[in-house]
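So, here's a batch of structures to check.
Paired with subunit B in one complex and with subunit C in the other, subunit A is shared by the two complexes that follow.
What follows is the complex of A and B.
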């Protein structure tokens, strides 16, 4: 089903997108645009993490920006204060992300829905407060300067924008590839089952707690690694990186692109980043536009760009099939989200597709 | 000993404010089952309206408080109509995201008009009472008296009037309330209006002690959430008791442990309590 319906997931489309991304520095007008694009990719990686816990698993994690900050600070502190090499610090950022994710997840995931959202909001705030107040470790409000850039290999020098751009692009591709594998695996479908209904998933024999924690840890590792890259490219960070605003930005990217879709995070991140760049004065007051935009999106287009496109394709293909094979009843028009595809017509052609979870209409 | 009493008094002041904010939050949660993240913005707007009316138009403090209550109540009703009502059947993540969108939107608008500067709202009376070795600024007395008067009034309204009982009925059992002919839209709008007015009054009371700035709602909102989780979401006595617990914990913790980290105390308490008892202190069963 994914192969038939989801053009964004199609390998050819992905290759074209990758080709465009590889060619971008050669058509970009100046170095600055490449830099902006690299930063957007960094955020997109973090948004992929958010997509796993919130989009696939259905738990709104409001501490995601906090884990991004943990990764950023791990790299900053280890390289600037302890003289570590960037790659070792980068790996440690992932380890810290997993460790804190495990601890926070083990406590917070015992809570459901609103309690979980509020709890993680508080966790995010605690992280921000600690970054701001724990001066001995984080240098407090002054922030950390002179963070080491990634060490180059031979002639490749990551202090320059272009090589770094390709480094980040490579990481983004790895993130997309891993998400794609995860999404098509049994684990990915387990996460979706949990999103659709805790009780239903449990009755299928899914261990809720273990799977939720796994999703949470995967998402925090994404966030922490993205944070580590952020430190490497910006080379200066302050406690503001832990501000709640960044979590909100990521939610906006995810919603615009399409929550719970494969290409949604990168689409949303790029669109909003470049829109914000196009209207520079928007930067400070972007929430005047983003706030209502989010409200309108969740009310009228809850599936975002990638999700709406998928739904449109699904409807079109479904009606085409119905007209070909007369006698079949047309599938419900309303339930064309990724998890609730009209399985009757599609599961036969792609037994591993998501459509096999026909019970999701419940 | 005097220091302890003084801190208890400060805790009572803080607790009264937190209690008022948490009451509005818990009322809305009881009716709509939405954690209204925009509540912090309503609190902040209340302070700015009061600042505008009293500081820039030169009206009296009391008039400013009434204006703030009315305007914020209207704003809260508008939020309910335009945002939460259309989302009432949406998946649970959506209304939370919409509420966060509202919060940041209001903040950005206020920041555009007034800037990020800290502003001061003059207290109606600057006299200070001295009583048995305690220092009692008039504003703190006013906060405590006004907050408890409001809580009493709210209690009477909910228990003794027909309109109030419809709110309780709908919080207790939605379908049952529909069956006896309660208008859900009216109840929802009324609840939002009350919650907005409470937030505005709380911020107007607190503004002369604290300062007025666009992000002033963040911490208060988070603490109000901690409070209603402690007290059980939707529970009215829980919000008042929880408010006092957090108020005392913060005043005493800030004094005896560390002033720098006093804002973390509430969250540390929440983490500790939820780690042991995931449904909150006073709640019965998972909602």
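What follows is the complex of A and C.
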């Protein structure tokens, strides 16, 4: 049954996409395009994290860019100031992501819906302020240069664009793989139950706080690891990486691609990244192009590209199954389909006429 | 099996549930009725742990569960349905039910990520349970249908199935026949009888008087949060306090 929902999850589709990604550097016009693609993959990994807490679990986390920055700065500070090798620093970025995620999550997830969103917006801003003002640790607005690249092995040298591209692609595949596993599992179902309703989830024996924190920490680990990779490819970072605009960019990627879907994050990230490249000459005015596009998309495809495609597939498959059923439908089912109409009308009139009567007379 | 002693819930100056003492017997159909705003749903919320009582105790099989978290109460064996049926619209009926049994299984994050045998067992158990409860409520034939394509009555049955997937000893049904036509109501009544036959105690809130009078073994009447009557249907039907609460004082005198 899950298959139906996951048209984009089909292994064949995923392998085709992977093949295209592997072949991309060979068809790309120049190194710069490969570099742009690698950066897009880095952001896509972070968007996968956002998809878990916001897409699956339904909690709009506006500090996501902050956790990306924490990962980026962890790698930058540990390699540039403390001489760590990249991979050790990268692992620590994940640990920091989990640690800060746990602390922030344990406090912020006590709030619900937009209160949670506003709280995390503040957390994101505090992270940005710390990066900008805590000069002893972060070098303030000067930023950090000479960040170590990932150590290569043998002939593989990650300071070159192509090897780095494949490294990031590998990480992205891992992100998709874990998301897919999570999404199809009981844990993924738990997160989705929380998205439907806190009350419903709890009535099914789901420990709300524990599962929300778990989703939050998984998402911050994704973000921090993506941030670590970002440091490794760009090799220079400043406090601007913690700017909350990055969070809103990621939300846009997620909305365009399809929130709560497996392939949405990568689809949305790639489309917007390349659109941005295409209209780069417009500079600040590019929002004149993006704004209306986003509005049209949200109105006509609220589920995003992957989401709309999945819904269309699911609908088509369900129709096919139901028409298969009708040949051997048990009578009870024929009944319900006939009575569906009247039941809708009674539901509208049912609440009147009961209960209130007593008090109007009393 | 469920004993309630002096249960009270105050919201500021408003007393939503006022010192209610009653008990629900195992294997019986217990109904809670009362005019709108009488505190019925609040009463359910207190029993299910969704709201914390201001005072009083709730003994379930001898243990005081008052103030426990709702998920812990669900694990203890109290399941509930809601007035509005909340389901995952874009997935199939069967798919919606799988999560219902997770609380009876044990698998953690690492089991999920590494796909351990423990997680596979847990998932298989949940799928089996989903198929079983779907069959119990008589909807096996539409397991593949999308929720968005189901009728109001089918949704009610799916909500029952989800509650049953938690393997409850007692189910709290909040308006199980709300928004469902009379013919379909009879089907739901039969289903409630079937639950009782399978040793599940039922406690329900309902506005449909005909249904309540025919189905309930015992009725508790709430008005303005307080219990005004408690007994079998034929007693409740003729109780002056109940008639007054429902129809107004002049009817009770007449």
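Worth pointing out:
The criterion applied here is as follows: the second predicted complex is superposed on the first by the 304 of 362 C-alpha atoms of A that agree within 3 Å, B and C clash if a C-alpha of one lies under 4 Å from a C-alpha of the other, contacts with A are read in each partner's own complex, and residues count from 1 in each chain.
We take it that contacts are C-beta pairs under 8 Å (C-beta built on N, C-alpha and C of every residue); 3 or more make two chains touch, one makes a residue touch a chain.
All values derive from a computational prediction rather than experimental measurement.
Of the two partners subunit B and subunit C, more subunit A residues are in touch with C.
By the touch criterion defined above, A:285 lies against subunit B but remains apart from subunit C after alignment on the C-alpha atoms of chain A. In the superposed model, A:142 makes contact with neither subunit B nor subunit C.
In the superposed pair of complexes, A:58 makes contact with subunit B only, with no contact to subunit C.
In the superposition on chain A, A:103 makes contact with neither subunit B nor subunit C.
In the superposition on chain A, contact of A:15 is made with neither subunit B nor subunit C.
When the shared chain is aligned, subunit B comes close enough to touch A:302, but subunit C does not. Judged by the touch definition given at the top, the superposed model places A:314 against subunit C, while subunit B stays out of reach. In the superposed model, A:129 makes contact with subunit B only, not with subunit C. Subunit A residues in contact with subunit B (one complex) as well as with subunit C (other complex) do not exist.
Those residues of subunit A whose C-beta lies close enough to touch subunit C in the complex are 1-2, 4-5, 178, 181-182, 185-187, 189-190, 192-193, 196-197, 199-200, 202-208, 214, 218, 310-311, 314-315, 318, 321-322, 325, 329-330, 332-333, 336-337, 339-340, 342-344, 346-347, 350-351, 354-359, 361-362.
Residues 34-38, 48-50, 69-71, 74-75, 79-80, 82, 86-88, 90-92, 94-95, 98-100, 102-103, 105, 107, 109, 112-113, 115, 119, 122-123, 126, 138, 141-146, 149, 151-154, 162-163, 165-166, 178-181, 183-184, 207-208, 244-251 of subunit C touch subunit A in their complex.
Against subunit A, the residues of subunit B that register as touching in their complex are 29, 33, 35, 83, 86-87, 90-98, 100-109, 111-112, 218, 222, 225-226, 229, 233, 260-261, 263-264, 267-268, 270-271, 274-275, 278, 280, 286. Residues 54, 58, 60, 107-108, 110-115, 117-119, 121-123, 125-126, 129-130, 133, 244-245, 248, 251, 255, 259, 285-288, 290-295, 298-299, 302 of subunit A are the ones touching subunit B in the complex.
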